[in-house]
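One structure is given below, represented as C-alpha cells, and several questions about it will come after.
A, B, C, D and E label the chains in the order they appear, each numbered from 1.
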Amino acid sequence: MTDAVEFDRVSRHFGTVRAVDEVTLTIAESSFFAMLGPSGSGKTTCLRLISGFERPSSGHVRIFGAQSDDLPPNRRPVNTVFQDYALFPHLNVRDNVAYGLMVRGVDKRARHAAAEEMLALVKLEGYGDRKPAQLSGGQRQRVALARALVNKPKVLLLDEPLGALDLKLREAMQDELKALQQRLGITFVFVTHDQGEALSMADKVAVFNDGRIVQIGSPEEIYQRPRTRFVADFVGSANVLPPEFCASVGAPKTWASLRAEVIGLTAPGAGRIDGTVAGRRYLGPVNRVTVMAGGTALSVDLPASAAAPEPGASVGLTWDEGALHRMEEG
Amino acid sequence: MTDAVEFDRVSRHFGTVRAVDEVTLTIAESSFFAMLGPSGSGKTTCLRLISGFERPSSGHVRIFGAQSDDLPPNRRPVNTVFQDYALFPHLNVRDNVAYGLMVRGVDKRARHAAAEEMLALVKLEGYGDRKPAQLSGGQRQRVALARALVNKPKVLLLDEPLGALDLKLREAMQDELKALQQRLGITFVFVTHDQGEALSMADKVAVFNDGRIVQIGSPEEIYQRPRTRFVADFVGSANVLPPEFCASVGAPKTWASLRAEVIGLTAPGAGRIDGTVAGRRYLGPVNRVTVMAGGTALSVDLPASAAAPEPGASVGLTWDEGALHRMEEG
Amino acid sequence: QMTTIGAGEGQVDIVAWPGYIERGETDPNFNWVTKFEEATGCKVNVKTANTSDEMVALMNEGGFDLVTASGDASLRLIAGKRVQPVNTDLIPSWSTVDERLKNAPWHTVDGVHYGTPYMWGPNVLMYNTEVFPEAPTSWNVVFEEMTLPDGKSNSGRVQAYDGPIHIADAAQYLMTHKPELGITSPYELNADQYAAALDLLRTQRTLVGRYWHDAFIQMDDFKNEGVVASGSWPFQVNILKSEGLPIASVIPAEGATGWADTTMMHVDAAHPNCAYMWMEHTLSSNLQSDLSVWFGAVPSVPAACSDGRGMQTQEGCDANGLADFEKIRFWTTPVSKCESQGECVPYYRWVSDYIGVIGGR
Amino acid sequence: MPSDRASLGLKIAAFAGLLFLHLPILLIFVYAFTTEDRTYQWPPPGLTLKWFGVTWNRPDVWEALTLSLKVAAISTALALVLGTLCAAAVSRARFFGRETVSLLVILPIALPGIITGIALRSAFNLGGIPFSTLTIILGHATFCIVVVYNNAVARFRRISGPMLEASADLGANGFQTFRYIVLPNIGTALLAGGMLAFALSFDEVIVTTFTAGQQATLPIWMLEELVRPRQRPVTNVVAMMVVLVTFLPILGAYYLTRGGSETAGGGK
Amino acid sequence: MAALARLTDPLSDLFWRRPRVLLVLLLAPPLLWLVVVYIGSLAALLVQSFFSIDEFTGLIKHEFTLKTYAELFRPANFDIVIRTTVMAAAVTIAAAIISFPIAYYAARYARGRMKAFFYLAVMLPLWSSYLVKVYAWKLILAKEGILTWAVDGIGASAVLNAILALPVIGGNSLSVSYIGTFLVFLYVWLPYMILPLQASLERVPQNLLEASDDLGASRRQTLRHVILPMAMPGMIAGSIFTFSLTLGDYIIPQIVGSSRNFIGQAVYAHQGTAGNIPLAAAFAVVPIVIMGFYLWVAKRKGAFDAL
C-alpha cells in the first residue's frame, strides 16, 4: 500500500523564516491525520505544500507515490476545506458545491445532481438556492466540506475548519467529520491548534513547533507519553516537573510529566510528597486544586463528587508508579 | 448592605427583537458575577444596560441603590473592559490607561503616576510608551483592564474579555482576573458564552436564553442541578434524558439530566439499563463512549486509564441513585 | 433715455465678438482700451461671444452694459426690450458716422436709434494659396463635391460656419445657381426655398469634417487639419497671413453675406455713463482705423480710412469692402412676417434645423 | 506561490495602459519648452526655458491663480465641515433615510457636471444672485462634499462603536470624546479628503463655466487661452505647473490614507 | 479642560438622553446645503423645462407647457440623445476592458513600491488639467498631428487611412471623427474606471482564488467565474463615472469631433448661445433620468460600497 502523502526532508523558507524545516512524514491512506501546534508553527504551510499553493524550498512532496512538486494545485487529487471556508459569495450553495465539476466541464444537470447528493451527505438538503451569506457558521462549514468532497479527492485537507464555530457546534461537527471520514475512506489531513480536537478525531497526530515536527504518534502516545516538555505543555493539562522535583520524589533526575487527573490527595505525610493547597477552581466534572509542593505548583484534578480541600490546607500527593513520565527537556 | 446592581423587571426591545425581556436580578457587592448564554441571548445588552449604553425599554436598573436610568455612561461608577479591548490606537499605553483621569481633569504628573501603578498591577511595567498595536493580545487585554481599573469603578463590567485569546493564555488570564477581583474587592460582572469560564471563575452564574434568565445560582447549582433541558444542554456534557427513558429505568417520568462522568459501565444485565456502544472518542483524560440505550444516545466518560469497550459491544449502565436530576422541559 | 452724461462709474462690461476689443494682448500694436481706461477711469471688461445667439443669451441674462450686436441679433434684442434707445446727442462723433449706416434698419426702429454702428464687413471665402494658385471664383468649392486644383477632392478639406445664419450663405448661393427658386433675400425664404437651402447644406455636410465655431479653432484647423477653404472672417485671414501661412481670401462671384455690428446698450446697464463714453470712444479715436486693419473690416466712420489717426489707409478700406456695401447682404434675423413674400421660415426653425443638418438629418 | 506571478500578456496590457495614460501628459510637458509660440509644430523646432519667465510675468496668470486658490480654499473648508458632519451622522446611527443621504451626497458627482452647472446657474438666475466668487464657491463646495465624505465615512466606520463607548465609559462627555478620540483618529482622513477636495476644485472647469461671472479661475483662463492663445507655451507651462502642484496633495493624501479602506481620490 | 468639560456636560447629557437631537444637529447643515442648494437647483432646472421660450426675442415664457419636451423628441434632438448614449456606453465598455489589466495587475501583483507607482501613475493623469489633456489630444489626433507623424514614421499610414475610411465612425482625420472623440473620452475618464475597479479587485480575498484553484479551475476559469463576478460592483461604480461624465461633457466633442452635437453641447448651446433655457433643461433631464436608472441598478448591485 502506498502512502497518501509523503514528505521527504521538506523545507519551506520565507526569507529568513523557516516556516517548515526539514520535515519528513508519511500519511497513511484512508487515515485521519492531525497536525497540531501553536500559531506560527508551520501547520498551514505544510498543508499548502500538499495542496500545491506552496512549493518546497528543498525536499520533495509525494502524493500517492507520485512526485508532485511540479503539479499545479488545480491538477492535484487533493481538495481543501479552508479555515474561513472561502465560499464564493456570488454563487448560491448549489453552484458553490458544483464549482469543481463545472470547471471540469460537467454539464449542468449532472453537476447539480452531484451537488444535491453532496448537500444531502452533509445534511443540507434544500439549501441549494441560498447564498453563503444566508447560512450560519456551521452550515457554511458543511458547504465547504461538500464543495471539496464533490470532486472525490483522494486527500482532503482541512485547515482549522472548526475554529470559527462555537463549542456545541464544534463538538457536533467533530463527530460528523469523523464519521464522514470513516464512511468515505478518504485520507483527511486536519490542521488545528486545539489539542482536544486533535486527540479526539485523529488516528495519528503530528505536533509541530517552530517548523519542525516534535512528536508524531497516536493520540494516546501524544497525550500519555509526551516526548518533550513542549509537547506535554502544549497537549494536555499535564504538570511539567523539573529534574529537582523528580529527584526529590525518588525518580530519576530528569524532566517529567504528570497528568493532573492521575494525582490523588491524601493526608500529609501519607503521599509521595507533601504540599499546601494554593487555590481551587470548579470546572464542572472536576475541581482543579493547585498544590505547591517541592517548589512547584501542581494541578490536581479531583472528581467534583469528592471533597476538595480548602486553600491553605496541607495535603499529601500520591500517584501510581508508572504515571510519572520522563521527557527530554526540548 | 445594598446590592451593587439591581435589575427590576428590565426589558430592552429593538423593534420586535426582545434582546432583554423582563429580567430581574441582583448582583451582590464584591461578588464575581457571570452571565452565561448562547450568542444573541442578551448578555451584552444586559451589560450595556448597566454601563448606560442602552436604556431600558421598561423597568429600572439601580446601581448601588441609586436609580440610574437617567445617568449617562460617563457619570456611572462603572467601567467596562470591552470584548476587543477598544484601546485608543493613537495614544500610547500610558495615556490609554490615564485617559479616564485626564477627562476628569487630573493633572499630568498625578495621572501618569496612577497609570504606572495600574500597569504594575497588571504586570506591564515598562510598557507605557508602546502603542497598542505593538502589544500582543494578552497584553492588550491587560491594558484594557488597567484602563478600566484606574478609575476605581465600583463595578467592573467585562464583555467576553478572554474570547480573543488562545487557550493557554486564556487559562492564565482566568486565574489572574479571579485573583485580582478577590484582591480589589470590586464587583465584577463577566459575560461569556464559555461555560467552563463561567463555572471556574464566578461566585454566581446567570444563564441566559432568548433575553431571559433561565437559571441563576452558584456554579455547582448550575452544573449539577440544571433547572431546564436548555441549561443542562448548554452548561455541561450532561446527557439529557427524555421522560420515557426515565420511566424505563424506574425514575419518575420527567425530563432528567445525567452527567457523563457519573455513569459507569458494567456487564450487560448488571446495570440499570443495557445498551450498545456506538462510538468512542479519546479526549485525553477520559474516553468518551457513546452508548445507545433505551432509544437515547448517552455519553459516558471513562477515565482513560480504564479499558474502554469497542464499538458494537453490549454493556450495562450504572449510576448512583441521586445522580439522575429531574428537570423542567423548557 | 439719457439726457446728460455724468461721471464715469469706474467700469463698463461689454459683450463682444472675439478680436473686437483688443488691449494689446494678442499683438501689442493693437490696443484701443488702455488709453480709454486711462482717460475715463472706466475699466473695460470684455466677455467674448462666438455667435449671435450667444450674445442674445448673454444680454437676456443681464449683467452687461454694452454688446457689439450683429444684424441677426440686434432686432431680437430690441424686440425683447433688452436694449435701450441711445441719445445720439450725447455722442459728439455721431455726425462722422457713415451716412449709409446712420439709419440702418438693424438698429433703427421707428426712427429711434438703439446703438452706434461699430464695424462692418463681408464673410469672405478664405483659402489656401498652395491649393488654389488662383483665387476661387465661386462658393461652390465649399458647397459641392469637386476636385480642387491640386487634384484632390475637396471632401473633408472645407469648413462651414457653425451657426444657423449659415443657411443664408446657402440661400445666397442658390440665388445665383437656382434662380428658378426666386429667392430675393437670403434671409427671407419660403418653405420651398428653405428646403432647397437645407438640401444644399446636407450635401455640404458630406464634405465638412468639422464646422467652425470659434475663430481660433478655425485657424488651428487650417494649420493642422488640412482645411483649405471655408467661409471666414477677414480677422482669421489677417492673422494667418501675418504668421506667414499661405492664406488669402476673396469675395466670390455670388457675393457674400456680411455683418454690420452695432454697439447697443442694455436696458438695465449698470454703468451708463461709461457706456456712453465708450460709444463716443469707438467713433472718435483711432479705434475705427486700427480695428479695421486688425479685423479686416470696414470702419463706420469713413474718415478713419484716410485721416491718418490710425493704421488704416484708403486702399485698405477698399480692400476690406468699403465699396461693396451694396453687394453685401447683411445678417438680419429671419422672421415669419417678411417683406418680400407673405410667409417666411422664422429663425427658430433655422436654429433647430441647422443642428439637424449638422447631425446628419 | 507558483501561480502568483503575472502572465506576460497581463503585464504588457497593464503597462501599455499606463503608457496610454501618460504619453499625452508628456506631450504637454514637451510643449512647455518649445521655441515655437504660434503653432504646435511637431516635433518642436527647439527647446527653451524662456516661457517660465514669461509666465511668471503675466499678471493674468497670477489673477487666475489667486482666484483659483481662494475658491479652492474656501470650498474645501466648507466641504470639510459639511462632509464631516454628514459622515458623522451616517456612521453614527441607523436612521430612516440614511441611504438617501449617502445617495444625495454622491449625486453631485454622479450626475454630469453640466447638470450641476446649469442647475446652479438657473437657480442663481431665478434667485437673482449675481455671479461672483461666491457663486463659484457654492458650486465647488457642493461637489467637494462627497470627497471629504467618502474619506471621512470610511474612517468613522473604523473608529465608531466600541472606541467611542470606551471613551464615554471612562468618563468623557461627548465633546471630550470628540476632542480626544474622534478628531485625532479622523484627522488624517480629513486632511486627505481636504487635499483631494482642494485639487478637485482647483481643476474644475465644467461647473465653473456656469457659475462664474466675469472672473476666471485658472482652468477657465486655460480654456480661454487654449482656444484663443496669445503665447501658447505659457498655457503649457501653467498646465505643467498645475499638474506638479496638484500632484503634491494627491501624494500626501495617498500616504495619509495608506492601509486604510479609503480609496483616496477615487471619487473625483 | 475639566472646567470646560463641566460646561459642556449638560449638552452632552442631552445628546445621550435624546440621541435624535444630536443626529438632527449633525445632519441639518449638510442636508440643508445639499437639499437647498443642490436639489433646489435641480428642481429649479426641472421647472424650467416646463416653460418655453419666445422664438424671436429668446425670452422665457413662464407658463406650463410640455412643448419643450415634444421638441426633445424631434429627430434632430433625439439623434443627439441616442448619439450621446451610444458614445457613453461605448466609452464605458472600452474603459472597463482597458482598465481591467491595469487594475488587476495593481491589485494582485503590485506590491510595495510598485503599488505606489501604479497608484500614482493612475492619479497623475486623473488630476492633470482636464483641458490640457483634451488639447493635447487634439494635437495628437490632428490630420497633421503627432499620430500621423508617428504612423508615417513607421510606415503604417495605410492602416490609418483604412480606419478613417470606415463608415460612420471614420472621417477625414481622427480629430474630426467619432473615433477621435471616443479616444479622448476614453483617455480622460479611464482613471475613473481603474480606481474603483482596483479597489474592488483588492477586496477579492486571496483565499477565494486559492479555493478556485484548489477545486481544479484554470486561471482563465478563475478569472471568469470568480474574479469577474466579484469585481462587478467596482466596475459598475466606475461606469457610473465614465457613463455620467461622457453624458454630460461638452468640451471634448467640441474640440475633437465632427460638429455633431452631444447632449452636453446641446445643453450648453441651448442655455448659453441660444438662450433656450427650457430646452436646455429638458435636455438636462435626459442624463438625470438615465443616471437615475443607472444609480438604481448600481445600488441594487451593491456598487455604492465600491465607490
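Just so we're on the same page, a contact is a pair of C-beta atoms (placed from the backbone, for glycine too) under 8 Å apart; a residue touches a chain by one contact, two chains touch by 3 or more.
A quick map from chain label to UniProt name: A, B = ABC transporter ATP-binding protein; D, E = ABC transporter permease.
Just so we're clear, the structure is a prediction, and the values are computed from it rather than from any experiment.
Visitor: How many hops, at fewest, get you from chain B to chain C via touching chains?
Guide: 2
Visitor: Could you run down the chains that neighbour chain C and chain E together?
Guide: D
Visitor: What chain lies farthest away from chain A once each centre is taken as the mean of the Cα atoms?
Guide: Measuring from the centre of chain A, the most distant chain centre belongs to C.
Visitor: When I count C-beta pairs in contact, which pair ends up with more: B-D or B-E?
Guide: More C-beta contacts join the chains of B-D.
Visitor: Just curious, how far off is chain D from chain C if you go by their C-alpha centres, in Å?
Guide: Measuring from centre to centre gives 40 Å for this pair.
Visitor: Roughly how far is chain A from chain E, centre to centre by C-alpha average, rounded to an integer in Å?
Guide: 53
Visitor: Could you put a whole-Å number on the gap between the CA centroids of chain A and chain C?
Guide: So the centroids are 91 Å from each other.
Visitor: Counting only residues that touch at least two other chains, what does the list for chain E look like?
Guide: 5, 12-13, 16, 139, 145, 213, 271
Visitor: If I count partner chains per residue in chain A, which residues reach a count of at least 2?
Guide: 53, 72-73
Visitor: Residues of chain D that contact two or more other chains, please.
Guide: Residues 3, 40, 172-173, 176.
Visitor: Chain A touches which residues of chain E in the complex?
Guide: So the residues of chain E in touch with chain A come to 205, 207-208, 210-218, 221, 225-226, 229-230, 232.
Visitor: Quick check: in the complex, which residue numbers of chain A touch chain E?
Guide: Those in contact with chain E are residues 51, 53, 72-75, 78-80, 82, 84, 86-91, 99-100, 102-104, 147-148, 151.
Visitor: Which positions of chain E touch chain C when the two form their complex?
Guide: Going through chain E, the ones touching chain C are 54-59, 71, 74-77, 79-80, 83, 138-139, 142-145, 171-173, 175-177, 254-255, 257-261, 266, 269, 271-275.
Visitor: Note which residues of chain A are touching chain B in the complex, please.
Guide: 38-39, 166-168, 174-175, 178, 193-196, 199-201, 219-220, 223-224, 234-237, 259-262, 279, 281-285, 288, 301, 303-305
Visitor: Across the complex, what residues on chain B touch chain E?
Guide: 52, 70, 72-75, 102-105
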